[in-house]
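Two complexes come next, and they have one chain in common, subunit A, joined by subunit B in the first and subunit C in the second.
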Partner chain A sequence: MLRFARCYSLARTKVTRNKSTPFRPEYALKCGLEIHTQLSTRNKLFSQSTNSTTSLVDAPNQHTSFYDIALPGTQPVLNMEAILFAMKLSLALESQVNSVSQFDRKHYFYGDQPQGYQVTQHYRPFAQGGKINLSKELDGIDELSKDIGILQLQIEQDTGKSHYTDTEKDVITLVDLNRSNVPLIELVTKPDFSDIKQVKAFIKKYQNLVRHLHISSGDLETGAMRVDVNLSINEFARVELKNLPNTSSIIDAIKYEYQRQVELITGGETSSLMEPETRGWTGSSTVKLRSKETTIDYRYMPDPELPYINLAPDVISGVKRLIPQLPDDIMRMLMNKPYHLSLKDAKILTYNSNQNDMYNHEALRTYYLDTFCEFSRLVDKDGSAKLPTSWIIHEFLGDLNKLQIPLTNAQEILPPAVFAQFLRLLHVETISPTSGKLLLFHILENFKKSNCQDLSVPNFSKLIKKFGLHAINKVNSQELTEFCNDIIAQHTDDTFKQNLVSGKKKTSLKFLIGQGMRQSQGRIKASEFEKKFKEILNIQW
Partner chain B sequence: MYGRWRLCGIYKVGGYILPGSQRLASTGGAKIGKKFENMDQIKNYLSQPVWSVREYLRVGVKEEKLELPSVKAVKKLLRLSGLPLEGADIEGIQMRLAKQLSFINKLHSIPVEGEEHKKEYNARLMQRKTRQLSYAGLLEGIRHQTQDVELGELSGSWKPTGLAAESKNVYFVIKEGLLKNRK
Partner chain C sequence: MPLKRSLRESVERLSSLQSKYNIFTSINPSPYKTKNKEGKNETLTNYVVSIKDNIVTKDLPTTCGSRILENFRSPFDATVVKLLKQAGVHILGKTNLDEFGMGSGGIHSIKGPVINPLYPQEDKKIMGGSSSGAAASVACDLVDFALGTDTGGSVRLPACYGSVLGFKPSYGRLSRFGVIAYSQSLDTVGILSKEIKVLQKVFNTLDKYDKKDPTSLSVELRELIEKNKKTKNHLKIGIVEEFNHESLPKEFHELYFAFLKKLANLGHKIYPVSIPSVKNSLPIYYTLSPAEAASNLSRYDGIRYGYRDSEIDIKDGILFAPTRSEFGIEVKNRIILGNYNLCSDAFKNNFIKAERLRVDLVDEFDSIFEFPNVLTNFQGNPEGLDILLVPTSSKLPESIKEFGEEETKSPTNSYINDVFTVPMSLAGLPSLSIPLKEKTPIALQIVGQYGDDSTVLDFVESLS
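And then the complex of A and B:
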């Protein structure tokens, strides 16, 4: 809090004009984030009770030790896994890990805080400094590149959950302490954001990073990640925005608050903007929660039951070795030689959406890279890099989703070396793309019908022969002319033909080619059809 | 000062004391005396105060000279502490707080030398120099996590709301009045 007060005061920054937001350059937005992230450690922070991953369906107060509900006489024991996770995140953010950090008590009374204080890191946090880089190339911000600085990272306890009910006679609060003492990392950024795109990009990037490091589910919806916003305009005091349950709330609240403050400034009513205040988001507007006069005195004190975290130098070097290649590096690798993936495809292989049960991005990336490697061995060096991309990311994934087959199962009958063989058939045009799609779907559908039990590797040659899927490379010109004439007769009239031949509706040719491909089951190349239709209809363009 | 205290590690992993909960145990500067013969002797021994705040203050605390904290400050503290204002012995609390403040002021008046001792984050009764946590120690600490049923750490092994005066559907119940309107 104090740090923010310093960072935000008398601050003037230039705002990039952004057409998608109502920001005006004369009212410079200055914004920082405070993000609480639940760590997915096996156990809680200062007890060994279970840190549940199924919090939404758990019975209340099921995962609570004597310590978690603050029975008198209980004492904290630090969970080392939280140190490991905090270290991983700090190193990934290039933060300076303090060799000595400590836990402190932050006192306040609330029903879901049974100890009467939260154990946090006030005096000496776990790590300080660091950054997340946002770029136009990868994150779609307006600037070519922008670093968002990190002020600090601290480890702390989560609180329980309060459910407010309104019974006939009395208003009561039901308290579930399953979440009490779950480890959190609070990350505080510098007030470096100057528009909405940067905020959005940062949240997405940070969310993916914690998932990538396997330290948190990063879900905003379940509260595993919670974002508070600090915002100020020109030289005025900072306003903290709370109760922002998802990205759209965060964005809408910033836009609303910006607009509110601009209106106050333009209306000359700036007295309320002279002192910092805390505001909540109702879903449609921000409302005042606390001002300077009602600021809570947290009476911080060093925790007298927890020794300092005193890290030997080899901890940092040891944990560094555990850090995987980071998402930005992976993205750049995939978008460059030899893969040349588009930004969208690279993101599919790098970003964990947590929304697909059929695969996770890491397994998919490994599968893609291995298949690419195998395929490169089978074809020329300059062989099409697009084939593995389009066939794995689009066709194969599409089939898996449609048939509800997990990637791990499908890999058993189509390991990278086998999939590479399939791609080679397409590369050398043994089968057309249309036949390839039929063949791949047939193989996976049969596998699904066996309840993913038939693990025999598919014999492509046999299947191609069985279903007559061989591409017809030498097409009989007379037969093709008759075939195309039939299509023209079935699907066109004089107006259609006139518009097509005159070039008024060039796309009509694609329609005819599509019909030809469809009726020939893709065995005849599209280029053959194009040539023949142009010849028959005497198309000159 | 630390010479009179020793640290009692609670959790041990492979001989390494986890830097978790440690309770300070005082030897109280005790010395070995005669062997106790019966319970009365023990009770008698324990009933005799062996030290007094006055020894450390050197001068007596005269109540009439105490500077009482204001009623407003006492009420604020009660609110902060989640204690009821209704029926509170404000005068009594003022007096007790004044004595405690006087004691703390005395402590503050003792000269402290060295920058390290003046740092706010060191203001606690615990060892400042703790054993370093090595990488191997960190991994070992993670490997040896076990749930202790005697500490209620096993999910569903006990009913936390069973201790509460009021509960509903295994939730703790808090009256709204405790959370809000606490003037």
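And then the complex of A and C:
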């Protein structure tokens, strides 16, 4: 790795505050975010080297070209994929994409800044305006609906990464340029946030949006997404918070800084809140990094060799057509007629959780919608929305996870049309839900046993016959009486019966029905049991 | 073709000329090896060339005449070097220059000044810069041609002082990939030679679109220029009123009038023309170019390549100051000036204004030419001119001592030398400096409209 010697060490003074003051309306919080998002383009912003998602763990300085390490005589060549990604994001945020934007150089010296400047967009950014809407319904904020305005989006280069080491002998910084020149989008919001719930909801929503558009992994942990916070209280000067590696540190830092400033204000010590300053987060407190006097002049200069980005109107309208349906619209579609999904279920189909290897939310959503459509055709009436929901999102997914079968494989033997057939069997009560569960698990288990190689489509009626899973709709009353008497004999005594019949402990009836369902493997309906038990025990209530 | 000197002859003469005139920063120990193995498409077989030492080469060090790039060897060849190798040339060495191309005397190099071979007997005189070694290598007949770079006159001025041809093509015609940037909105690769036919051949070999250079003239615009071309036997030639011809040396006028008479006899028409904006050229140039230079030189921190202070990376809290203090005085001056112009307070007043005035200058140049400008979409003035005649230098070569003393008095003294060459750099126009008399440092620039390089070259060829 490249290395250079520093003249300062990393020791920091630590301030710890455990007191927790709640947010107080007389100290109004005003907050804005600056979010850097790495674009997952194949190559870097101005060079052909790979934009590796694993660059942090790869060998240092492996993903570097002559340009990335700023060899003399090299030149930037703009990666148009980054422009496409930036357009997608801007359009999804309803930002105004500027027909002409330009690249500028921002100058400062640092070991992980090989050119001595960063190429960014200062004088004419890529896009301006736009918003993200937060709502009580979808995002759980306190207000019914709130727009967070966006000031601008700009495209820029990421820097390399410095690794600080303090040894007894010397103070050394190691420099890894794998990340140098990776394309970033810097998004700046208006100072529209007035509480922490909104900040949390915004970050989550934005993160999901970039994943939804397939332009970034959106991960805070890897630094693919980095959030800085601008914060002020009542009209005091703005404080910028940096070094916030994850959502909890963002939230904790805002809370800490809010409390710190409220204490200063209530204590009358507001002199330090008159000038803007930049503070870092240590994990437990915020510490001053620099104030206005020590701010460096970046000496912005239009880049003299990169061409302007000129976008013809038909390019913008063309990219507009590439934008998929947006998450909020999908959520609303799923939560309304005819699907009527709960917020939680709709989220499973809309948000990329990055936590499940067996399926991705997009494939699952397509599967759900296709199956729903096929099923609706088969049963030919409304009001049966619950079956696809509970059977796909809960039962089927649960089985896939339990058996470790990827959705893409399971889909080969249970394509939407076949799954819809299965749902129809449940709908017309050919099989009971309990039998359905057994049947579905059996089919998937066998498929797994064949290493997902046996692609023959399951023959439901044959399997139902084989395992005797037919629901018993016309129950022989005599047989049912005997069956119920056995249960009463096995599970009750006199006190039990007395309390039940008198109505003192009505829930006992449910217990008996449950036993009946279990012993009949659900093939007899609960209502039949209820009727029979009441009859036998002569329950009047 | 007359030249094509023998490589052996050049190699034999080289060391004595080098010790006399300090032409090279490095000499190729095995010039024969650069021969193209494939032998295909060789347009310059066995031509002997020199390369200015701010153009990167794999086989030889590239120092920019600076301590900062001491022992630096590029892992790749500049596109122009690659094209020359493919065309079959022998590279004799890398030529001395003003550090990073900054200077008009050829004296600001870590390797010491280049001495003008036109004056072997007298006081040591300057070669002119910054392509000083390039001009000297041609003037001494060591090479058939030399590659230089021209940002504000760096090919044309030393060509004038060495009494050789010096061509700065239209901006964007020759690839800058591998040319170490001084001020890339102005930097151009240039060609120096004694023979117009050689120069044309080299230009044709290098005049290609390069996708690695974001400022390379696109294929579409190259085709458009071709379509706009017209062949004329008699040209309309302009003389620009604003260039102060009175300050020119006495010897100039005699040669100049003789030349004009010759042109008139050949049937060309000569007109006076006014371009008021040229008077802004020096302020524009010395606002923009140091700013770009300060930015471009920010990468030299010693961490990845080049010179690095052996002890420390930080001094008085300033990162890389110990290493960067090794830049030469002229480079330091321009870095300070450039950073001043980029400071947020001065930026709007100076940099932005200079950019606006540069556009005005381009518009004024456009308005006097008949040939269209494909970059500005100017359709061409039907009554306009074909070429302009502009003196190359206001002075004759001074002694190295004199030049240095004047510069010490005020650094801007040497900036005035660029007054005739800078306007064409700002407008990106093709400009060929031609000596008016053999072995005499008096020259005239033939200037064409943007993209109309061939009219300039063909015109000069028609005179030989």
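Here are some notes:
In this section, the second predicted complex is superposed on the first by the 456 of 541 C-alpha atoms of A that agree within 3 Å, B and C clash if a C-alpha of one lies under 4 Å from a C-alpha of the other, contacts with A are read in each partner's own complex, and residues count from 1 in each chain.
Everything that follows uses one rule, which is that contacts are C-beta pairs under 8 Å (C-beta built on N, C-alpha and C of every residue); 3 or more make two chains touch, one makes a residue touch a chain.
Keep in mind it's a predicted model, so treat the numbers as computed, not measured.
After superposition on subunit A, the partners subunit B and subunit C are seen to clash.
In the superposition on chain A, contact of A:175 is made with both subunit B and subunit C. Contacts of A:47 after superposition: subunit B is touched, whereas subunit C is not reached.
After overlaying the two complexes on the shared chain, residue contacts for A:304 are found with subunit B and with subunit C alike. In the superposed pair of complexes, A:111 makes contact with subunit B and with subunit C alike.
When the two structures are aligned on the shared chain, A:73 is found in touch with subunit C, with no touch to subunit B. Shared-chain residue A:163: touches subunit B; no touch with subunit C.
Of the two partners subunit B and subunit C, more residues of subunit A are touched by B. Remark: of the candidate stretches 21-29, 57-65, 129-137 or 399-407 in subunit C, the one overlapping subunit B after superposition on chain A is 129-137. Note: residues 66, 69, 71, 74-78, 107, 109-111, 116, 175, 297, 299, 301-302, 304-307 of subunit A belong to the subunit B contact set and to the subunit C contact set alike, using the contact criterion stated above. Taken together, the subunit A residues at the contact with subunit C in this complex read 2-7, 66, 69-78, 105, 107, 109-111, 114-117, 175, 297-302, 304-307. Subunit A makes touch with subunit B in their complex at residues 42-43, 46-50, 52, 59-67, 69, 71, 74-81, 83-84, 102, 104, 107, 109-111, 116, 123-124, 162-164, 170-177, 297, 299, 301-312, 314-315, 317-319.
In the complex of the two chains, the subunit C residues touching subunit A come out as 55-56, 62, 64, 69, 72, 74-76, 78, 176-181, 183-185, 211-215, 291-292, 294-295, 297-301, 303-305, 312-314, 317, 319-320, 339, 342-344, 347, 351, 355.
The touching residues of subunit B, when paired with subunit A in their complex, are 10-11, 18-23, 80-82, 120-128, 130-135, 137-139, 141-142, 145-148, 151-156, 159-161, 163, 168-176, 178-179.
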